[in-house]
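Structures follow.
Two complexes come next, and they have one chain in common, chain A, joined by chain B in the first and chain C in the second.
Take a look at the complex of A and B:
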């Protein structure tokens, strides 16, 4: 009987592909953002509103991840952004390999920003580095204000947390301050923005945040 | 939730190592799974049985070492499990917490019969 020492992350294969994705994105000079949230918190609506406001100044591509349908990529294309839909056929997250598989279909060299809209899921996507620059965790006010601590993995890795649907606050018992505090406990380096993708509240700050990241990337 | 795809990744690493010992039989795989890793140990064991059943490593056992989610307060230095924390450090209330452990998903070692 013998023991063989390995000492490796199980995700090391995904991490290798993610590193390769990261290199490709860097070579093309694109800012890549991985948007993670539960289904229905407003990721696609946020993308539509972002494309509306930003596409005159930045070329945006979107990689959409869903179990099935082309619904989301059709929505962002209707707003003028290019992109591609990945259907996982049952998989609950995007992996680095899935993203690598579509990069040849995108004109990365002429793009400024790539948004990856992950499969609607607050748990599994946390385990998969896709090669992004920034991971964004999105919550909606309709989900209850106890969520960050219940889903620590996402918020521990995120650079930015967005609380969406703030226009609905008058109808809800949602403590934004509590959510901000919990995210801060999980990750003091995670910034927080509150907005309504649908009504426009707080969207200026989000656009400014993106533009700031974009200019830092270009340096 | 996706313990099956995690096991497939795990098996790739195991196969690569076992290829170096072609006459050995795999007995045990030792993994570290953090409480905050999103991976559920019971489901991981089930998935491991599924991916090894009838294959090269049929009968091998997955041994899981669960690692607690531990935070350390950067202000006062107090360490605590995330099961007890509500908001901020239980001692001084500061919210600048460093996660020291609990996010691991590692394969530590193999036990083989050579």
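Take a look at the complex of A and C:
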């Protein structure tokens, strides 16, 4: 019982800070997307490809979450996006407080989109609201097609699921239909896009999805 | 401060139960290996291939850890191994207590090896001793070659790192040397094996590694 109460308290403190983050994002008029996946599913590569395709039309900022290293923020900065790296030092997810702690380092008012790349972990980040508008769950074809039911929490909350690395499908036994079906069972409102951030397949649909969200945000 | 103290208390309670597990495993004379990786790095496929190659010489039991589903225990049972599935119901790692809770369901005395397949997560399982003899960190080539420094904790504690899915190397930009070098920086005592559990490359070296451990255990 004691453990449950502690968990609830941490969660409700997180929710309070997340609500404050959400107000700040709304005041600045930015669209905020929280990207969640296993390590190595291609979140950073997706961000690189997205910045390449979208930065002439939208000002993009990135908040990078990792246990350690500056590797990911260096990669997105090399594509011309601004942003900050959060190192959790062993922590397995970003919290609303960690995100709140870097907001003063970002020029939110001049931005259109903030991508938050969460720590590579398909479990723990799913239960921490960061104040985002949209949660996106990313799977890679190389992880096998049994993942949605084995890691259901992220799909319960996600508005969009991305199946990345479809360029490798010819070399894998991976059933896209099965994954789509399982995500649909877990959350009928979750949209699904299949793409290869590396080769470019499906990137137009992803960019259109973001632009649709952006235009609804600005209405 | 309060959060840190709670963390320490949980850790020391876990260590006490892990020590008791370790005594039970030692009394039964079994070799126990704790397999840790991201979701979809191929832990279960590695177990299937290991059972196929080793079960004529060693009695193998498997403790499967997953957030939900019985999928993995069904896969290893189909290869003839005994074992049990632990569903953590949202929990991001196995604990010593969860493992202790299933030991009465296993015939340890008749077994030679117990594989514990941890929950798919490269972060949280690294800090929970389960009472195992050997901790093994598994990476897949498809996750990218930047992972050891981004997820250092598992490599600090692992006696063996496996780089799986080398059959896909021709289709990837993946630098095996870089990964080997980074693991060596994090832990000079960590051995490294590269293999493809699916195609069989490198499996002989892995089986020999286990048999060497097994023979040392029985001395």
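Simple rule for what comes next: the second predicted complex is superposed on the first by the 209 of 219 C-alpha atoms of A that agree within 3 Å, B and C clash if a C-alpha of one lies under 4 Å from a C-alpha of the other, contacts with A are read in each partner's own complex, and residues count from 1 in each chain.
Methods note: a residue touches a chain if its C-beta (ideal position, glycine included) is under 8 Å from a C-beta of that chain, and two chains touch if they have at least 3 such contacts.
Note that the structure is a prediction, hence the values are computed from the model and not measured.
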| item | value |
| --- | --- |
| Touching partner for A:92 - first (chain B), second (chain C), both, neither | both |
| Contacts of A:123 with chain B and chain C, given as first, second, both or neither | both |
| Contacts of A:40 with chain B and chain C, given as first, second, both or neither | second |
| Partner chain in contact with A:165 - chain B first, chain C second, else both or neither | second |
| Partner chain(s) touched by A:12 [first = chain B, second = chain C, both, neither] | first |
| Touching partner for A:152 - first (chain B), second (chain C), both, neither | both |
| Common ground on chain A, meaning residues reached by chain C in one complex and by chain B in the other | 6, 10, 92, 121, 123-124, 127, 149, 152-153 |
| Residues of chain A that touch chain B when the two form their complex | 1-14, 91-93, 95, 121, 123-124, 126-127, 149, 152-153, 156, 178, 181-182, 184-186, 188 |
| Touch list for chain C against partner chain A, complex | 3, 6, 38-41, 66-69, 71, 90, 92, 119-124, 127, 140, 142-144, 146-147, 149-153, 165, 168, 171 |
| Chain B to chain A touching residues, read off their complex | 1-2, 5-6, 9-10, 12-13, 17, 21, 24, 27, 31, 36-39, 69, 82, 85, 87-88, 95-97, 99, 103, 105-114 |
